[in-house]
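The following pair of complexes shares a single chain, chain A, combined with chain B in the former and chain C in the latter.
Up next is the complex of A and B:
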């Protein structure tokens, strides 16, 4: 177990290192950022001086070395637009995005688990068919469009929930539902097929034949085993949720790191973009590590 | 992944279908006839493709011609609408129906070309990794790990921020960032296939690696590749629309569905139709691609029949 943890941690460091190379290359390709940083009336000498101070006149490998040296100290430079360290700007927004992603997972599980179970138990029933059409809709709906339509219907027409921004828990419902829509569809679909698969296994037949009521068979024997693929999928969804939060946060003007990233991308504020990409990668790697650990708990056969 | 777990049955089927080509078409058609939803989706998808191809003849108006006097006219069936703009007009008085028809071109073009690029890169790297193994394999697989840690849209946005919005850049970005699934699946296929006797035999008679891969290994992986590709088309259409919606995809001068949804967003309370119809077009296209993709999967991989366990995402 310890050996596994160490191996996974080394792997995680390697992945983050790889992400840093990608980010550095991107930053390098953007070209010299000094032009956006200096006032319009700057003299060529002033620009050259700034370039030198920022290290943009050094060879690429030296620049990468400096980049990594600063990055490991949490220094991605100052935002070009707001005179604050880029990493701080992103980190301030991380809790908001995690709250949104967490709420999305919660909402999608609340929607998907009952649907998945019922659809599997009553296989080929009307309910099963309708919910599978729902799954198809959920998987095909563009997030941003669903969000806009939800705002139109629920906020503008019905005045049930606020349209955008964040002033309290009420503001998270629509964004979380929007972001969680695809995840709900995927989880319902996986849970249904995984449960159907488990319910056909021999040990379920044994449980039934020893006279257990169906409810106990389902709750005590089937669901725990059917949950394993669901955990995998939710783990894989973390990347989707963090990526999707960029779109969802933009639709709802929700002040998370995705909205910050979009503003930074539009303003070509590369230090903030870099800090955002690294933070996203770190969060994803950590959560995937957590998911791997969860397996050992759910399925004692999994040994690392 | 289920795809690689139960390869033997899949292989048997692949061999059988490869041997009797005429009956494969028959099997496909009869399977479509049995699955009415898939058949309907295939028809709708074909209609969308035809509309995209014939846009210049069937669109009632020039999608870029502006007329401020026609600004934000509602669809024909609402009061104030007229049949000359059946789906209404946008904030610059452009005809929504024509823009949606032209938008299909962008969505399908990006969707299909991005998938071809990712397929070529992913299949190439997957074959190489699976066949040569060892260090080559671990390098390629570590690159896929790195890409897994970066949400697709985040990477695409970062690259678009550098390259700037354009049709070519969107296709390139989506093509270059989306190859990971193919590489993983093809590698797994290669690992299981290259242990089979006929590949051993080819190797024993001295066939070069490239020939073994292209002639003996790749054909047996096509079923999985087609399945991933079909589902990726749907994802790419949504990704392009998302990028364009965020203003980082297709430039606003070209009619694209994502861009139209973004345009309509500012007028959502008064002119719902601009965002609604453009989004509906994305939804409908993606849904038909998904249904056809699911159907293809059931057809090509009998181990997942009537079941939806395989997730390429």
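Up next is the complex of A and C:
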């Protein structure tokens, strides 16, 4: 177990290292920031001087080394737009986005689990077909459009929930639903196929032949095994949820790190963009690790 | 057991495959969402900064107040005179008598963006100033009809060519209870004038040498040279409490602002809301509404939905397609006002081939402005003829606009040595002005017809404007400028070589600008602006486009008329 943890942590370092290389190269390709920093009438000497002071005249690997050196100390530089450390700006928003992602997972499970179970049990029934069409719908609907439609229906027509912003827990429901729509579709589909698979196993037949009521067979024996791939998918969906928060938070003016990221991208606020990408990568890696550890509880045969 | 083992193996394979597939899927999904957010999402989002009109332009207004006329300052042209006042606003006395009863109601306003800071001289955007105006007061106030009148200053005159004396109101209190004196307002001016402050308002008042508190209630503003538009230039300088500001420091003050305005600061949660509450000891009297809340909602459709859902009372910048939807709602009004903001396509006249005046004129002949107004604005915009528009002091009514004449454009290009046109770029902010990117695309389309390829490059307004300020525009750029009532504002921020003539200036226009600037006789001054208007129309440093109309969605039971200068003053609002 400990060996596994260590292995995974080393693995995580490599993943984050890879992400940092990619984001650094992308930034390098967008050009030399000095061109944005000096006035047009600056002399070539002034530009060269600034480049030298900022370290932009060094080879790319040296610049990358400096970037890493500062980054591991939590120093991504100051935001160009708001004179505050970029990492602080991002970290302040992390709880808001995690709360949104958590609510999305919760909402998508509440929707997906009953659908998945019913569709598997009543395979090929009308319910199964309708719900699988619904799943297709949920998987292919653009978040942006669904968000606006949800606002118009639920907030404007029905007045059930507020349209946007964040002034309390009920403000999270609509964005979480919007963000979790895709996840719930994926989960419902995986749960259905996994449950169908499990229900055909021998031990289920044994359980039934023992005379167990169908409810006990399903909930006590089948569901737990069928849940393993679902957990995997949900864990992996966290990456999607964090990426998707950019769009969802914009539509709902939800003050998380996605909204911050979009403002930073639009304003070419590179330190903030870098801090956002690295933080996102760290969160995804950690959550995947957590999912792996969760298997040992769900399935005693899984040992690391 | 055997079965179980088999099952375990299968589920592991499933898991491994899933991991692999999902990794691919996730990176794809994350990348797509990011991309979508950058591109697609951006299109319909009024970008961040509501922004800053170029600081200079925002500052200019006319010295229209009657005392100004006596002292020979530019009395506003007829168009800005007071007529048909709508009640509130105006002079404090008039406002006080016309005010409805004090209520415990609150107004909720959604703009497209949040303020950047609560230090009122560090965010010069119209969205920022719209909020600051509630908490801070200026030396002079501009009423609904864009007439300057007394505020913290009751009387003023220029006692010699370079010194203006202001007699200040007594009994004014800051929100922390300390009395307001000349020392405070003098500090506010000198703070902005201090180069170390790097204030966004600096360029507006740069011609002022210093401010001086003569006694507790007398302020002198000393200018470097005779300065006709002085009164206008004071309009974005807010009274700060000198001692408190200095002891707190700028950073802390920007989170705990204290002013003399009708509302005091209560709370600012970044990207969520700004909340201000009625200040009971305000010198004008108590405000009608108990509080005002400003929420940033970037997405147009969401802002409109919030209004329809009854969560807000005012939504700013309603795009034309959404305005139609709002009109059908019986609880809501669409209220429009002819803006002081003009939209134009500027040119970097120091870059070839735009250095050639014939090329610049050709571009003006190439664009069919009436067609843009008709097709993109449904007629809700007004073609401009030259730099200074009809509501601004210095407007020459005899100037005719460039007519749409692509043949003439082609022949001018040929004369200039570009018979086959040329390639350039057209930078534009995205979501800052109504249909900004669409207008840029339309202009680019018209230019294409005469052989000029202008690549439209949309960008975030803040980023765009920073580049503009840094003289980074490479060819054409779409920009709006306005808020002011005196021609000098536009001249200073766009054409004066000594101020911000970043993309065009010439000795001839500089000379006229400086003469008009120092001329204290309004008639002579107007004549100078007529010359300038004509000269600059001919020089064509811009493709002249139109004045826009600002559209607000407002709940029907709110008494409030939108202002041409985009300020959202809760003092002016009440519920029926």
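To be clear about the criterion, the second predicted complex is superposed on the first by the 284 of 304 C-alpha atoms of A that agree within 3 Å, B and C clash if a C-alpha of one lies under 4 Å from a C-alpha of the other, contacts with A are read in each partner's own complex, and residues count from 1 in each chain.
The criterion applied here is as follows: contacts are C-beta pairs under 8 Å (C-beta built on N, C-alpha and C of every residue); 3 or more make two chains touch, one makes a residue touch a chain.
Remember, predicted model here, so these are calculated numbers, not experimental data.
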Touched partner set for A:64, first chain B, second chain C, both or neither: neither
Which superposed partner A:229 touches (first chain B, second chain C, both, neither): both
First, second, both or neither for A:76, with chain B first and chain C second: neither
Touched partner set for A:148, first chain B, second chain C, both or neither: both
First, second, both or neither for A:253, with chain B first and chain C second: second
First, second, both or neither for A:26, with chain B first and chain C second: first
Which of chain B and chain C A:262 touches, first, second, both or neither: both
Touched partner set for A:239, first chain B, second chain C, both or neither: both
Doubly contacted chain A residues - partners chain C and chain B: 142-144, 148, 151-152, 156, 194, 197, 229, 233, 236, 239-240, 242-244, 246-247, 250-251, 261-262, 265-266, 268
Touch list for chain A against partner chain C, complex: 35-41, 81-82, 142-144, 148, 151-152, 155-156, 159, 162-167, 194, 197-198, 201-203, 225, 228-229, 232-233, 236-237, 239-240, 242-244, 246-247, 250-253, 255, 258-263, 265-268, 299, 301
Complex contacts: residues of chain A adjacent to chain B: 11, 14-16, 18-19, 22-23, 26, 29-30, 136-137, 139-145, 148-149, 151-152, 156, 186, 189-190, 192-194, 196-197, 229, 233, 236, 239-240, 242-244, 246-247, 250-251, 261-262, 265-266, 268, 270, 273, 276-277, 280-281, 284-285
Chain B - residues contacting chain A, complex: 142-143, 145-146, 148-155, 157-162, 234, 238, 241-242, 245-248, 258, 261-262, 264-265, 268-269, 272, 275-276, 278-279, 282-283, 286-287, 290-291, 307-309, 311, 313
In the complex with chain A, residue positions of chain C that touch it: 3-4, 7-8, 10-11, 14-15, 18-19, 22-23, 25-27, 29-31, 33-34, 36-38, 40-42, 45, 47-48, 116, 269-273, 295-299, 301-302, 305-306, 308-311, 459-460, 462-463, 466-467, 470-472
